[in-house]
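Note that subunit A is present in both complexes that follow, paired respectively with subunit B and with subunit C.
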Partner chain A sequence: MPELDQFEGRLAAAVHAFADRADTRVDPLAVAERAIGRRRFASLVWLGRPLPVTASILLVLGLLLALLAWSVGVGAPWDHRTSIVLLPAPTAAPTTGPSATLMPTTDGAGAEHVTGSGTFSIVDSGTSTQVGDTTQLRGFVAQSTDTMNDPRVSGTGTLRLSIDTHDQVGTEWGTYRLVNADGAWEGPLAGAAWSGGDASAVTGYLVGSGANAGWTYYIDVRSSGFATELKGIIFPGPPPGP
Partner chain B sequence: MATSAIRSAAAGDTAEFARIVVAYHADMVRVAYVVSGGSQDLADDAVQAAWAIAWHKLGSVRDPERLKAWLVSVAANEARQLCRRRRRLAAVEIDVGGRDPAGSDPADRADELDLERALGHLSIEDRALLALRYEAGLDSSEIGALARRPAATVRWRLARLVARLRKELADA
Partner chain C sequence: MRSHARLILALAIVILVAVACGTGATTSPSQIETPTQAPTATPAPTVAPTARPTATPIPTTDGQGPEYVVGTSSVSVTKDGTETIVGDVTQLRGQEMTDFGTMNDARLKGTGLITLNADIYGSIASEWGTTRTENAAGAWEGTWTGASWNNGEATSVSGWLIGSGAYAGYTYYFHAYGPSMPFQVEGIIFKGSPPTP
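The block that comes next holds the complex of A and B.
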């Protein structure tokens, strides 16, 4: 952390002192297990005694086979004959995070609604100039790795932005170029920021090249605090006219 | 934390993942605690949710030196969202009398209390910024990179926040 002035030093000490009150004791295995979503197998209880896991599995299998035999031979209690299908394994409940929830992966062809997330690193933080009440930031360049649910819009992006801030609100504009092994997308982005720059929305139409030639990627990047959501659509033809 | 350990954990090695939990859990709880305004329950829930995200997205961390920064920012983000969901934005009571270290200079302690009281009046967003800057020790560029915000914007917000706190304490 860069050197702090006297007031910032006191502020940092106060924040540390406040954080010292937190109880940071932890059972790491319990935390990790809950994070992974793993549940230990619970044994079935029979006449008040827990059955061994093997016996529990055999009992469940036996019940399933009996149900199958009944369903096939006698007829199920439902109006229509049902078939037994393998259910997907249970997955951890979705949690809200700093990235968008991925929709199912697309087939990577045709028009699509896409979502995803990306990592972000600043290549050049640009230069700020104060003009009256406006802070003008120019030359900001960042690189991102976008992981989307459609391979055509996953890849490495280069974002070039100019930002004008006026107290709690600001305008942002620039260009975005997204490259992957099959081609690229490039075009202008524009949007706005508010809440002191904590929230923003920028959108734009990116024109495809290479394997993406003839297609347009509409990208919508919404940030709130430390969460960023990437959405968009891929559609045939050029961007719409004014 | 070695790159190989992160890769192993990202590939599903639960033992490596547990080692990462041991290494960084406390840092994450401390940051989430500041963001929450002093709610232990909220901080614990936020960090647990952050570990679930980490389990799924650990592979996105390319540089092992960035792991701590990434983890605390995820924890801060989860704490922010939980605070909002629990409608704790308007007024978060902070217990400023919970600790009185023996032997500390009363004048220093008074300064500390004033600052802590000031922290209690901040918004969640501002506390998140302070937690990442002063508790986790991230600079504006790092916070900006994690928040997908230009570093200049982060500096702008921090400067305004520090100026506000400075004035608030001077007026107190």
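The block that comes next holds the complex of A and C.
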């Protein structure tokens, strides 16, 4: 049957032609979605790459935490200082951090240039009164610990101050008594504060007693932020006269 | 449910960041104004330096009312004092100096005239004296005390100067310090008198 042979030949050609045109590609994701149900947030695209949801959340968290750390670092309020000059809260007892720039220790005898650092804590914040444009603070008392490069001027101090503030600046005056096991230093201090009490400079001549009798300690106390620098000289004589 | 949890978590983090930013933003560190003009006292026991100051590009104040002021001090000896040795002390008296420093407040313009006395103990000295700074509008005059070390290279002195002329009623407190010239100067101008301990 030659006609049948021709028919079978055309049929076979038609079947092959159809099969060749059929789309046999398989989308594994589509198959998986159909198998487990459609999950719209199964993955997110980051920079053209799909990432699992968990990884995406962790990435966002990391970015937000970095932003948080940056924002705190940029403007945090913890650089406020606790100046001996500030109008303090009644019960506050802040301290200033020493700057660790001690010179080599002296031999602790004779005339010397001395340097070091101090910490302060408020004992009595005193009382303030407004008189015209001036705020008068009276009865301010602070305890100090002076760490110096000469043992004669290291010890515990008591600072008594009066402060008149004029806007962002103020004058300070009072007395300072520094005590250690061998003796003491005592005398007046005076100076000024600025930046709303954030920085100050006071100086004075302290007269020695005990083992320090006959000696004078000129002290320069300069504070800025949380650092208090101390420097001065010890010399065998009285303070300068008026 | 899961998408709600994620949304809440994201909101919490955003609020946390906003709070942190707000907390930081409350800081208001006071601005330090700085120099352009005027002098102040600062001695050096026996050294006679002649260096002139270098101008520091720091904002000037408005030259009015209470102010924090800063600048530099460079002194030059114009007349040697007399030296007398008394025991271990060398007593320097009546040395005269000129201060060519610059400050950042126009009220402190002018050349400072300084007298220096010192009791010198080896490389350190106790110092005291007077200073007067004058310009076209007025003058500042008063006493100062302090110390020097490193044979007069380093210093720390401070004083209270009373204003006159346009500065009448004001006081200028200065603190000059540093390991070498030009010394740093900081201080305040305020309406009122120096404290009387």
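Criterion: the second predicted complex is superposed on the first by the 143 of 242 C-alpha atoms of A that agree within 3 Å, B and C clash if a C-alpha of one lies under 4 Å from a C-alpha of the other, contacts with A are read in each partner's own complex, and residues count from 1 in each chain.
Definition applied: contacts are C-beta pairs under 8 Å (C-beta built on N, C-alpha and C of every residue); 3 or more make two chains touch, one makes a residue touch a chain.
Since we're looking at a predicted model, the values are computed, not measured.
In the superposed model, A:G232 lies in contact with subunit C only, and not with subunit B. When the two structures are aligned on the shared chain, A:H166 is found in touch with subunit C, with no touch to subunit B.
When the shared chain is aligned, subunit B comes close enough to touch A:A13, but subunit C does not.
In the superposed model, A:P188 lies in contact with subunit C only, and not with subunit B. In the superposition on chain A, contact of A:V123 is made with neither subunit B nor subunit C. Applying the stated contact rule after C-alpha superposition, one finds that A:A201 touches subunit C and leaves subunit B untouched.
In the superposed model, A:A213 makes contact with neither subunit B nor subunit C. In the superposition on chain A, A:A109 makes contact with neither subunit B nor subunit C. Common to the subunit B and subunit C contact sets on subunit A are residues 170, 193, 195-196, 198.
By the touch rule above, subunit A contacts subunit B in their complex via residues 1-2, 7-8, 10-24, 26, 28-29, 31-32, 34-38, 92, 95-99, 117, 119-122, 125-126, 128, 135, 137, 140, 142, 144-145, 147, 161, 163, 165, 170, 193, 195-198, 200, 221, 223, 225-228.
For subunit B in complex with subunit A, the touching residues are 14, 17-19, 21-22, 25-26, 29-34, 38, 40, 43, 47-57, 60-62, 73-74, 76-78, 80-81, 94-95, 98-99, 111-112, 115-116, 119, 125, 128, 130-131, 133-135, 137-139, 141, 144-154, 156-157, 160, 162, 165-166.
By the touch criterion given at the top, residues 2-3, 6, 9-10, 13-14, 16-17, 20-21, 23-27, 29-30, 32, 65-68, 88-89, 117, 119, 121-128, 143, 145-147, 149-150, 154, 156, 158, 160, 173, 175, 177, 186-192, 194-195, 197 of subunit C touch subunit A in their complex.
Of all residues in subunit A, only 41, 57, 60-61, 64, 67-68, 71-77, 79-80, 111-113, 133-134, 162, 164, 166-175, 188, 190-196, 198, 201, 203, 205, 216, 218, 220, 222, 231-233, 235-237, 239-240, 242 touch subunit C in the complex they form.
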